[in-house]
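Letters A, B, C, D, E and F name the chains as they come in the text, with residue numbers starting at 1 for each one.
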Amino acid sequence: MQILTAVLVLGILGFVFGAVLSFASKKFEVKVDPKIEQTIELLPGANCGGCGYPGCAGFAEAVVNKGVATTLCPVMAAENRKKIEELLGLNKIDKPDMKPVVKAALVKCNGLDTDEYKKFEYMGVPNCQAAVLLQNGPWLCPHRCMGLGSCVAACPFDAIKIGPHHLPEVDEDKCVACGKCVLACPKQLIEMVDKEKTVHVKCNSTDRGAETRKVCKVGCIGCGLCVKVCAYDAIKVADNLARIEYEKCVGCGACVVKCPQKTIIMETRPDFKGRVAVIDEEACIGCTICFKVCKFSAVNGGTPKEKHSIIPGKCVGCGLCAEKCPKKCIKMIDKA
Amino acid sequence: MNPIQQLTKGFWKDNPIFVIGLGLCPALAVSSSLSNAVGMGIAATFVLIGSNMMISLLRHLVPSKIRIPVYIVIIATFVTIIDKMIAAYSPALSASLGIFIPLIVVNCIILGRAEAFANKNGVFDSLLDAIGMGIGFTIALCCIAFFRELLGEGKLFGHAMPFFSKDPALIMIMAPGGFIVFGLLIALKRLMASKGGN
Amino acid sequence: MNTTTAALNTPAHGLLVTSSPHIYSGLTAARVMWDVNIALVPALAMAIYNFGARAALVVLASVLGAVLAEFLIQKFLMHKPVCVSDGSAVVTGILLAFCVPAALPIWVAFVGGFIAIALGKQVYGGLGQNIFNPAHVARALLLGSWPVYMTTWLKPGAAMSTGAAITDAMTCATPLGIIKTAGRDAELVKQLSESGTSLVSYVFSQLQIGFSDLFWGINFSGSLGEMSKAALLLGGLYLLIRGHITWHGPVAMCATVFVGALIFGGTLEYAAFHLLTGGLIIGAFFMITDMVTSPMTGCGQLIFGFGCGALTLLIRMKGGYPEGVCYSILIMNSLVPLIDKFTMPRKFGQVKAKEAQA
Amino acid sequence: MLEPKSFAGGLHPPEMKLTSDKAIKNLPLPDRVVLHVSQHIGAPAKPSHKITDKVSCGEVVAEAGGYVSAPIHATISGSVIAVGNFMHPFGVPSPAIVIERDPAVAEPPFTSENGLELSVAEIKKRIQDSGMVGLGGATFPTHVKLSPPDTKPIDTVILNGVECEPALTSDHRLMLEETDKVINGLQLIMKALNAKNGIIGVENNKPDAIKALDDKLKALPNITVQPLKVKYPQGGEKQLIYACLGREIPSGSLPMDVGVVVQNVASAAAIADAVNMKRPLLERIVTLAGNCVANPGNYRVRIGTTVCDFIEMTGGLKKDVPLKKVIMGGPMMGFALFDLHIPIIKGTSGVLCWDSEEAAQPHETSCLRCGSCIRACPMGLMPQKMKQLIDHRKWDKVDEIGMLDCIECGCCAYACPSALPLVQSFKLGKKNVMAERKKAPANKG
Amino acid sequence: MNDMLRMGSFLFIIAAVAGVLLGFTEMKTSPRILENRLKQLEQARAEVLPEAKKFNDIKSENPNEGLLYTAGFAENGDLAGIVVNVAPKGYAGPIEMVLGLKTDGSIAGVKILSQKETPGLGTKLADNVFLAPFKKLLQDKQKPVFKVKQDGGDVDGITAATISSRAFCVGVTEALGTFEKVREQLPTLTAPTALPAVPQSGDAK
Amino acid sequence: MGAELIAIFIVAIFIENVVLSQILGLCPFIGVSSKIDSATGMGFAVIFVLLLASVVTWSIQNFVLVPLQLEYLQTISFILIIASLVQFVEMVVRKTAPALYQSLGVFLPLITTNCAVLGISLINIKRGYNLVEAVANAAGAGIGFFFALLIMAGIRERLDICEIPESMKGAPIAFITAGLLATAFMGFSGLV
């Protein structure tokens, strides 16, 4: 008997509340697209703003409602991206070229930390922007990295640290190219570059060579030697500054060797001394292709069937011949 | 995630109290002695296991609009059962835990696990999760209670400890002591985590 | 470019470049803190006069605890430069010692000093960051932890050495303690009102003292540094003259207690009694003027002082504790962020702008 | 004489006015001047000469770059020896024209006439042509200030003779020695603006200047001298207007919104020359002071003279006192130089050469929340809170509590017992707040 | 509407199942809980009035007032004394205590049931630190004055917990007052034949 | 009668402050106390729910459970009522005041698990309050909660721009502050 009353009382309570709630849920319904909620769950939730929208929730809304590409989010794991696209029915649409390019931040300054290149010892708010406000910063070069770590503070992924010479160092494994550091840098020294690319111009000075030379040992003077040595036409000098067109650059390192200021560096190999082509004479059939492609007249020959050889003094190590050789008998060898 | 990880994640790494920050009220209110902490831990674990499994079983049946009331009814049932059991078999514990036994109903851990885990996972996983979280809850409670009882009463499980029992700092068994010990413990946990991480 | 103009761009090394302004008032945080220490010396002298070497020992233990905590935490936990020399830990240590009884076991004083800095200050990141007055945080925690020690009052002159046990003969009640117990005893109140003696004169007769004793801080018992109002006022005056504190807080707090006691107690005698007993003066001049834990504007400090005074009186007259200064200041400390928020100074040109919009 | 008036907040730093009894000395012409194209607020001027061009003193070498801009004149006769980037006093290499003096070419003479008889348009044109900018330091082109929109009639012109910056005395000497010119300049400005009243605000620590002006002004009932309390920053535009007239400029507005135009006394004197003699802005009075200087004093010097030449011409530095800090402007708002090969520009009111004792920099410690900064702030702001918000990059919140109202006067930092770099923080804060404000509408859209 | 019914009935079912479970639990546990409570009560009574073996609740004629006192009877059916519940106002709320009084009005025993005094101070009321001297006082002195020594009585108060100590004395005095009031009717009481009923709600106000 | 009600009310606000002394409702106390605005919203929501809940639970207890001898269903029926009530309120707020809903975010549904609401309802019954007393107690508790939340929010807004040690940021410092606040509130003990 007692159990029966319990069952009845609880049951009636339950029924009433269930009914009232379902009534209320109709009456006071606010439409929230379930897709948005699901998308939010799949997003990383770092709220880094790398996508350009206010936080992950804002991005989710944009993705669902405005059809914004999910690739805008630089952080998201590939499987989650797939899930979102599935959720929104996007995977049916053909997007063959949407392979996300994995980029990382690059700091375009390699300035040295010697008194010679300093205006004064900076004391004050430890913030690059603030330093710029005080006599345009403590460095003589007006383009020099302040080295006070505003980019470090801005990075939500702990991917930047200040290294030697007060220059920031980017940990490419951690960097997701969200772009916060780009905005934080008052000198606009940071650029997003493909992680695979290893050859960079570490300078952003547009001053004339003579002026740059006075304030920096390793600044780009716009001499154009790199342009001449590049077999791939991947470097341009404008406003006294060499700039690499990364889509053309193959990372041969010819410019690195040639650069008189050591402004251009090969990231992975600081001790890079350059390469030279060596022809395996036994395999060479004398097809003259290497002779024809070489832009530096560094290949002996030209007569068909005659075995080729490389003139070491002229070869810049661009590797064009090695790439084109049909017999694959040209090897690129590091100089000592 | 293998079953062992599923079970042990709640012990320390994802400890419901120190890391996730759920179920704080009982953590502070009944942690003034170790025996209370253990009693509360067992009660909560029982409810957690029961409700997690039940909700996991029913997860496909419950209409989402009334899922919260349904969860609560299920949880409340288990809570009432354990409440009555404790009252019947351990009246002293029942007296010292007071209204915090019925308040297990609203312990965020239980509802939180129901909503975040049992709602989405199978029965076995939910069971493991419940046991892990329950043990984690008990561990956290005992950690807090250890310091509070030792410093506040100079005792452990009611047994006087030499040195500490002479002039215990009474504030530790009162509300402020609970807050302070808890705050310092989370900070300590974080310090350890960051040291470990590096 | 010829050489003459090129010379114009050659830097001259070694010049100091900083942001404006280039001159400073010369006031430093350390100087403020050491000035507070100086201001506390008269009260310290009175404490030693009353309780002998024991007073010095308690102060020393508390200061030692505070300084040690500051040093250890800054050095080993925060890995920050150690700034014990700025004197702020010393101030906290002395202030804590000033609101505990002289008979407090030395180790309790040491622990108090330690937790004052550790829990009251360093958890928040050190100087300038804390919400609550560290000395009062420690006092409240000590009172909660060791209430017996914290309410065993040594009779002045009953010199007590380090290890000696306290006997009943060496202790006595404080004026506030007596008035609290007397006020709770319905029978006694009835007797007194029948015989026409006021509560205050009952207290005075019990302790055989008068107002002048209260003012000079002799012949009765209380916390170490709270006894001599004269010495505290001297120190307060010094701080006022040095410009380290403003009149707002102290005046508001004292006035609130005085006027409140006058209204609710009815007599001038009662009001004066509340003004001159307990930790009111030290609280008003040294605790609520603590820059870190009080509102920043004059208006805010008036509100703050009023709140401290009102709560002090409430606890003294209605609450469970005989003395309410410590708790009232802690409670008001917690309200400081809100007070600050609502007493923002008026921006120059602010009102006009609103009018213009309207 | 009127009662001294003032404003709320502010403070009283040591006056350090050791050169107030040093009469203005005319310096010889420099051998070389460096004329930066941006010596004023607004668009930089455009250089109109090439290397080797001959120029004569007073000739325009750079045309105004727009309406809010001012032309640059050659301040010596000679030839252009360089056009390119030279270090600007702000620390940025920026375009400048360098002229080397040709001793053979004499200064062209300037004839004088009574400017008050000219038409308003002519007065304004002459001022504009003279390259006149506010000489108090803000360097806002004067002709823009003198052409308010018709909807904003100006009733009062205030001449700023406060010179509240410690150590500077150039305006003080100018008022004493060229009283007539100052008053004449004020009359010209009033005529240009059709303003009825003129007030010359002078701080009470210059009784001789007040008396000199008062004596001359007896005949001019619509112009008065207003003695002001000695308090920094009494010379701030908003503070000065409030003190003189009791008018409060609404946050974000300009003096013209309350019917007032403020000009510096030095500008007024230069305006008199520009209108009466058609003489462009060639020189200014600069106070040279500091322990390291051999002959501190007030000097009339050609604009474009480098600081080292300037110091050399006055007699150089003391040999036995090592130079630690060089400040262009006053100690409160001036900026420190890292290099002396930098030219004096139109807004340079003083050069201070300090030894290490004068330049002593207190060590930064934690904020005590003492409220000194709040009491000192003449704008009624909360510097302490603003600093915290800036440190935590909360630009929206710092905007809310009035970041852009900060006038960077430095009172807060002067008063701060913890030596926090408040002013630098606020410069940073203002920059970011303005950037955020620009961004904000874009986000909404 | 359909939805409403569906949800309502779902909750109905869940709640009904819960009801069954709970009803079942209640059935199983309630006798034991009752027993526990009885035991507790008896224990308390036995502790404060050791001579009595049977008890009889005496209620006021005014139904609003509830329990007045409990009469205790020895094995042989003679009145052994009475048990009085009092709840004087302590430092932080009522101190619930139970006193056993012998037929001559002397105190047979005291027990603190519940209290909210400051831990470590007022809570010492329930400790031997306080109760032992108190019991000694009861043995040593014929007619002790139940006031704290500070107030001129005979009871050793707890240091720094005067208010709690005083409240204890007030409770004792109150219990003695109750005894005086009912003294006349005591001889008329008779021992009960069955076990006394236990109040349903354990927390008597 | 009146005095007793006032006593219950005052005690509930200060002496037995629901958060600082009874340690109830900590999750929202820590969760929603980072901004004054949302703390205010949450405070009002809790006051409202507390009042409503204590009236309804009291009625259920005294008009349904006690007559039917079903006291053992107390916990389950109370929580069911409170949960439904909160969800109902949530829906209404979401519809009628979207801004408030936004600022409270996930915490509105979490009022269900605010043990203060259930705790106060249970305490009302345990102490045998009549309806008016129960309402006074609930109002006091709600205001006490609001008060504590507001103070905490003020403090945390300030701490937000302070140099808190890294390991102390967030919850740890909030708890220690709450502990010190609770210590301060001990000053109120014995007030009534």
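As a working rule, a contact is a pair of C-beta atoms (placed from the backbone, for glycine too) under 8 Å apart; a residue touches a chain by one contact, two chains touch by 3 or more.
In this text the structure is predicted, and so the values were computed from the model without any measurement.
Engineer: Shared touching chains for subunit C and subunit E?
Structural biologist: The shared contacts of subunit C and subunit E, listed by label, come to A, B, F.
Engineer: Look at all chain centres (mean of CA atoms) and spot the one farthest from the centre of subunit C.
Structural biologist: Following the centroid criterion, the farthest chain would be A.
Engineer: Please identify which chain has its centre, taken as the mean of its CA atoms, farthest from the centre of subunit E.
Structural biologist: Most distant chain from subunit E: D.
Engineer: If you tally contacting C-beta pairs for every chain pair, which pair wins?
Structural biologist: Greatest number of C-beta pairs in contact occurs for C-D.
Engineer: Report, in whole Å, the distance between the mean C-alpha point of subunit B and the mean C-alpha point of subunit F.
Structural biologist: Result: the chain centres lie 21 Å from each other.
Engineer: What is the distance in Å between the mean C-alpha positions of subunit B and subunit E?
Structural biologist: 33
Engineer: Based only on mean CA positions, could you tell me how far subunit D sits from subunit F in angstrom?
Structural biologist: Once rounded, the distance between the two centres reads 60 Å.
Engineer: Hey, what residues on subunit A touch two or more of the other chains?
Structural biologist: 2, 6, 9-10, 13-14, 17-18, 21-22, 25, 119-120, 123-124, 133-135
Engineer: Which residues belonging to subunit E are in contact with no fewer than two other chains?
Structural biologist: 6-7, 10-11, 14-15, 18-19, 22, 25-26, 30, 91-92, 118, 120-121, 163
Engineer: Where in subunit F do residues touch two or more other chains at once?
Structural biologist: 72-73, 76, 80, 84, 87, 126, 162-163, 168, 172-173, 176-177, 180, 183, 186, 189-190
Engineer: Please give all chain pairs that are in touch with each other.
Structural biologist: A-B, A-C, A-D, A-E, A-F, B-C, B-E, B-F, C-D, C-E, C-F, D-F, E-F
Engineer: Could you list, by residue number, the parts of subunit A that touch subunit D in their complex?
Structural biologist: 54, 119-120, 123-125, 127, 129-130, 133-137, 142, 207, 211
Engineer: Which part of subunit F faces subunit B closely enough to touch in the complex?
Structural biologist: So the residues of subunit F in touch with subunit B come to 20-27, 30, 72-76, 79-80, 83-84, 87, 109-110, 112-115, 117-119, 122-123, 126, 166-168, 171-180, 182-183, 186.
Engineer: Would you mind writing out the residues of subunit D in touch with subunit F in their complex?
Structural biologist: That would be residues 366, 385, 388-389, 391-392, 394 of subunit D.
Engineer: In their complex, what parts of subunit F are in touch with subunit C?
Structural biologist: 36, 150-151, 154-155, 157-159, 162-165, 168, 172-173, 176-177, 180-181, 183-192
Engineer: Under the definition above, what is the set of subunit C residues touching subunit F in their complex?
Structural biologist: So the residues of subunit C in touch with subunit F come to 77-78, 119-120, 122-126, 129, 131-132, 137, 140-141, 144, 311, 314-315, 318-321, 324, 326-328, 330-331, 333-338, 340-341.
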